[in-house]
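Each of the two complexes below includes chain A, the first together with chain B, the second together with chain C.
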Partner chain A sequence: MTTLLDVTSVTIDYINGDDVTHAVRDVSFSLEKGEFVGLVGESGSGKSTLGFAIAGLSKPPAHVTGGQVLLDGVDIASLSPEQLREQRHGGVAMVLQSGMNALNPVRTIRNHFRDIFEAHGHIEKDRWDARAAELVQKVKLPATVLDRYPGELSGGMRQRISIALALSLEPKLMVFDEPTTALDVLVQHAVMDTIIELQQSEGFTALLISHDLGVVLESAQRVLVMHDGEIVEDAPAQSILNSPQDDYTRMLLSHYADPRADVVELPGFEDRGKRAGKPRAEGAVHPPSVHGRERRSDQKPIVVENLTKVYPPPRRGEAEVVAVDHVSFTLDPGESLALVGASGSGKSTIAKLITAVEKPTSGSIRFGDLDVGSLRRGQFRRLHSEVQMVFQDPYAALNPLHTVEYTLTRPVVNFTKLRGRDARRRVLELLETVGLTPVEEFAAKLPHQLSGGQRQRVVIARALASDPQVIIADEPVSMLDVSLRAGVLALLEDLREQWGVSMLYITHDLLSARIVTDNIMVLNQGRVVERGDTADVLRNPQDDYTVQLLDSVPNPRRSRVA
Partner chain B sequence: MTTTRQPMRDATQDIRTVQPTGAPPNPWQVFARTAGTIWSNGKARLGLIILAFFVLLAIFAPLIAPYGATENGFDRSADASPEHWLGTTAAGEDVLSQLIWGAQISIFVGLVAGALSTLVAVLVGLSWGYTRGFIADVINFIVNLFLVIPGLPLMIVIAAYLSGGGIGMIIVVVVITGWAWGARVLRSQTQSLRSRDFVTAAVFSGERPFRIVFREILPNMTSLIVGSFFGAATAAILAEAGLEFLGLGDSSIVSWGTMLFWAQNSNALLTGQWALLFAPGLCIALLATSLTLINFGVDGISNPRLREGKQR
Partner chain C sequence: MTSVTAAPRGVDADPEVDEKTEAPPSRSGNPWGYILRKIGLFLLTLWAAVTVNFILPRLMPGTPADAALARLAQNGPVSEATKAAIEAQLGVPTGNLFEQYIQYLGQVVTLNFGVSYTFYPQTVSELVSTALPYTLVLVGLVTIIAFILGTLLGVLAAWKRGTWLDTLPTVGGAFMSAFPYFWTALLLLFFAGYVWRLFPTSGAYGPTATPAFTWDFFVDALYHAILPAVTILITSLGGWILGMRNTMIPTLGDDYVAFAEANGLKPRTVALRYAARNAILPNLTSFGLALGGVVGGSILVEQVFGYPGVGYLLFNAVTNQDYPLMQALFLMITLSVLVANFIVDILYGVLDPRTRR
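For the complex of A and B:
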């Protein structure tokens, strides 16, 4: 085997005026021809920065301040922009996370291929169409997509097109930067399969950058683990799995488990089975504050009956969209219920209906004597003082211009009689509850000064401010790094057990559902296909759809590479 | 307890209120940072310099202007001379002095009318963007009405009705005809912001619609509002000059518009006194250009997320 890419002590700094951040520190590694290597790290580890540098795409404020990247013995830094452009043919190609959004919406797919052929002239003009058809077939799409516009294709199809476009230059090295992260779980799985097959049939060298160790271990032969700008481990996939050397790798690995297993444990979580027999209602031990839990005894269930939501057709002439189709369930006080399904299964719509953000087409939602479906705007406070929501994206759920204190003070003032100093004390208590200490310091921060996990804690604290009976958590950890997920899940679990809050946990991630919920409902295209005890359902799934979802959970112990 | 964390500690009940360690961002710091962002843009810097020049000219007119604005004891229609750099008008007034005094009116009308029409645009645009259903349709109809009627004829009609009101009348006319475009721009941005999670979250926090619109949404579109203010001020300056040039304002006051009006009336171009038309015209153009240039810099102001994007 010969070395294709040689990276020697590369350092990359982000230079912003006098402010210098070392994103990549003194990193060295090499790729052999035909290898499939994974590069794993959490957000901020410098993995994408490194990927861009390898493709010669570093742009300010990122500056390569040391070391060199040799591709086939040629230093990438020494190439002029024009040489770099020519080198794209038969050199390095990159597939981005948002690659599916990189297609020009007013041009057909065929035109995208033509642009590339024209720019590089490596294919004779009369073979352009044939070559384009050949390329889309390689990514498992019919040749008819060539005449479609990007808007007519699904996210997965567009990502496949962007892979085909990258392939069209017959690259020696393909850098995949989170190629499946923005896709739906089921589609992710299929696109990864295609990438793995392509790598084997085309024989290019692949560097797969991902935050998900599970995905990488499933596909790559060798894995580089990156942490704080340094490569902390470089080993074959098997030995990473069986005998990880670095603490960080071990920590990452500890957050993976098979939701189908008899006993599922994650750091900080025992298996739910071991806790069986302990009535949930007894969980509310420590009253969180003076305004009490007295009314906990007369807590009310949420009763959903024959809930249906139909949206008008997206385009004229198309059928209307049935997002939720006759769904009925009851969320009892103190219960935790998982609502799982792929995107488009209607799970988030149910959350919107329960919280009165949308109105149901038919069916009823009752919370105590409150008929949620017919609630008018002015009555929202009555519902929201008892039913609160934790949002998926902590980066979007906080107003970037308000301090944490302001964000938390508002619900306290709106839902309780506390004012002034008392309200402030309550805000600090909330911060303490969600583990953001020192509280005074966090209260004064703006959202952009917080990490993703800290932001999600603020979002949870805000949901708790009204002292609600029900929390609806819509994918609360899907935007967070693996190592932060456990902490947020543990917090939700604690709150539920100690405050007696019931929780509707909406997710596509069956592992986290297994960890924090008692009961589960599997949704497919708005219908409930399976329901029951979480552990039972996941151990013995009855419906094909549930099995598909289970198969799409990345599992380091199941390698897909033969 | 089943998990390792113990989130509620005994100390929770006893937390005493102390002064916050880091003060929330001081409005002046925010202002300084915003000004810095605008200043760092080359075009905007040029615009600011021109604007500052005219503002200083207006403020210190009594000190700078060699003569009074309506002092008319000089030779009539004189050419440029050391005493009268730009000559005199047909009524025997010093052109340079009139130009300097006239800056006061143009800048005053520009800022006041710009601010008022932006205020109307913000009030209408934001509530329009946030409401749905019948009321939104009604507002939509009214705004479209104002947009579809050609601006200058409407202005002339209104000005003719309110004739003799002087500067106040001109400001009213400019505001009535100038708010609709800004309202539409702000409405579309409001609609895009209202679907953000943090707005939904504010509903969950029990916030009333008024507060959501003006405390959650409004601060996130500051740059757009500032931009629309400069746009409205530019339009106001041009409209003021246009109306006065047509003789619809109070022609006894001295402004760049009335200077053009009188210059036209006295056939200044035929008598070779091009400076009479050229000087106020150039000033109007320069002032309008300066505001447009500043708007290039305003585009650079954005929310902290974008600003932080540079560091990551």
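For the complex of A and C:
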């Protein structure tokens, strides 16, 4: 084998005036021709910064301040901008993280291909259309997509197109930066399969950058683990899995488990079956307020019967969308129920219906004596003091202009009689409940000063402000790093066990569903296809769709490459 | 109205799972549906505007004849003969409101707006059709030139961000557009027109020229148009530069621009076909507003430069309570806003496939 890429002592700094952050520190590694290598790290580890530097795409404020990147023996830093541009044909191609937004919304797919052929002149003009058709077929799309605009294609199709575009450059090295992160689980799986097949048939060298060790171990032959700007481990996939050397690698691995297994344990979580009613941990959370405790006595279930939601056609001349189709279930006090399905299965719509953000087309949602479906504007307060939402994206769920204290004071004042000093005491109590200590310090912070996990805790604290009986958590950990997920899940679990809050846990992630819920409902296109005890359903799935979902869970212990 | 329909949010139901079966049918293939819808909307708003233009004056108490008689009565008693003469001259409404409305619609369609009080015995249609070309050519053309020039400079400024090509147009544009319009106009008039005597100080053509489609008249008219045109250009250019630069800079950070660079497209292609092509879309709305304001917003220009366009006419009509002229001009102003919006709607349809649904 010959070396294609040689990275020696590369250091990359983010320079903002006098403020210098070392994103990548003294990193060295090399890629052999035809290898499939994974680069794994959590957010902020510098993996994408490194990927951009390898592709010669570093942009201020990122500066390569040391070391060199040799591609086929040529130092890419020595190339002029024009030479760098020209070497993109037959050199390094990159597929971006948000490949679904990587296409120009006002140009057809065909024109995207033409722009590339025109820029590099490596295809005869009369072969342009034929070559473009050939390339989209390689990514398993029909040639008819060439005349579409990006907005007319689904996210998975757009990501396939951007892979085809990168492929049209006939690259020696393809850098995939989180190529499937923004896609739906099932689509994610299919796109990864295509990438693996292409790498084998086209013979390019691939560097797969991902936060998901499972995805990387399934596809790569060799894995680089990155942490805090350094590569902490560089080993074949098998040895990473079987004998990880670095503590950080071991920690990442410990957060993976097969949701189908008989016993499923994550750090901080004993298997639910073994616990058998025993709390996860003693006294982990602050006790609920007096007001909250008083109301525990008259907890009510949420009863959903024949719930249906039909949306008008998204575009002229199309059929209307049945998002939720005759769904019935009961969420008892203190129960935790998982609602799982791929995107488009209607699980988030159910959350919107229960919180009265949307009105059902037919069917009923009853919460005690409240008929949620018929509530009018101005009558929501009673519902919202009992049913609260935790959102998926903690980065978008907090107003960036307000401090944590302000954010939490609003619901305290709105839903309780506490004012002034009492309200402040309650806010600090909430922060302590969600484990953001020292509380005084966190109260004064603005959202951008917090990490993703801390933000999600603020969002949970906000949901708790009214002492709700029910929390609806819509993918609460999907945007968080693996190492932070367990903490947030543990918090939700403790709240349920110690406060008696019932939880509707909406997710596509079957592993987390197995960890924090007793019962599960699998939704496919608005219909419940399977329901029952979470462990039973996942261990012994009856419906094909449930099996598909289970198969799409990245599993380090199952390699897809021969 | 200019409407930018955002791409509908996936109602939690993208058919992602069976994505590989078939490409969805193209929704942007046939543009005629979109154009027909926009024409329909245009006609509907036009009818509404014409109707409001009919109703508003009728909400005022009395008739124009009553108002004229009241003014005369301040100077002494008005004889029956005078009263009859004024009523004959100004007209007294006959028939009920619906009959009047039908009559009015007929007159609008035949462009018969009656006779002007101020410029008696010229008809309103004559007056407007003489004044309109001057305004349309001067203000309209300059607005279009300012938009194109400013947008190009804005693209350049954003692309060469941080260099003098950015600083000069950005700071210069902001500086110039901060001057009040009339002040720039007076300054130019004083120096270029009065002190240095480079350009005429008023009028659309010289005292000896007669309006006709001849080369001599064209040159003369152009010569007279330069000062007002330059003034408009100076004061409006900065806004277009800043507007385009500020939408272009975030666009340059968009993923499709980064991906285009990663694919090694030529810098020119990336700047124009990828970044500028998308960044211009939000600016079309302000362009539509500016175009729509051409007819109604020209009062100040034409007043300062004594330019015989629509603004000049409107000013005279209002100061002399010339109702027929006013009503026709208001209709013109509304119509120009509607037409400008229609043009921008069609432009959107051409430039942005997402609006064609």
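Throughout what follows, the second predicted complex is superposed on the first by the 550 of 562 C-alpha atoms of A that agree within 3 Å, B and C clash if a C-alpha of one lies under 4 Å from a C-alpha of the other, contacts with A are read in each partner's own complex, and residues count from 1 in each chain.
The rule is simple: a contact is a pair of C-beta atoms (placed from the backbone, for glycine too) under 8 Å apart; a residue touches a chain by one contact, two chains touch by 3 or more.
For clarity, every value in this text was computed on a predicted model and none was experimentally measured.
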| Between chain B and chain C, positioned on chain A by superposition, is the outcome a clash or a fit? | clash
| query | Is A:151 in contact with chain B, with chain C, with both, or with neither (first, second, both, neither)? | reply | second
| task | In the overlay, answer first, second, both or neither for which of chain B and chain C A:206 touches. | result | neither
| request: Return first, second, both or neither, reflecting whether A:71 touches chain B, chain C, both chains, or no partner chain. | output: neither
| task | Give one of first, second, both or neither to describe whether A:224 is in contact with chain B, with chain C, with both, or with none. | result | neither
| query | If you stack the two complexes on chain A, which partner ends up touching A:184: first (chain B), second (chain C), both, or neither? | reply | second
| Touching A:116, do we find chain B (first), chain C (second), both, or neither? | second
| message | I'd like to know which partner A:344 touches here: chain B for first, chain C for second, both or neither. | response | second
| Which partner does A:215 reach: the first (chain B), the second (chain C), both, or neither? | neither
| message | Using the touch definition from the top, list the residues of chain C that touch chain A in their complex. | response | 7-8, 10-17, 19-20, 22-24, 26-29, 254-256, 258-267, 269, 273-274, 277-278, 281, 351-354, 357
| said: For the complex, give me every residue of chain A touching chain B. | reply: 14, 16, 19, 21, 44, 61, 268-270, 275, 286, 288-290, 355, 357, 377, 380-381, 384-385, 388-389, 391-393, 395-403, 405-407, 410-411, 414-415, 421, 424-425, 428-429, 432-435, 439-441, 443-448, 459, 462-463, 465-466, 487, 490-491, 493-495, 497-498
| message | Considering only the defined contacts, which chain A positions touch chain C in the complex? | response | 55, 57, 85-89, 93-94, 96, 98-99, 101-107, 115-116, 118-120, 140-142, 144-145, 147-149, 151-157, 162, 165-166, 169, 183-184, 186-187, 190, 311, 314-316, 321, 323, 342-344, 346, 348-349
| Across the complex, what residues on chain B touch chain A? | 1-9, 11-13, 15-18, 20-25, 196-198, 200-207, 209, 216, 219-220, 303-305, 308, 310-312
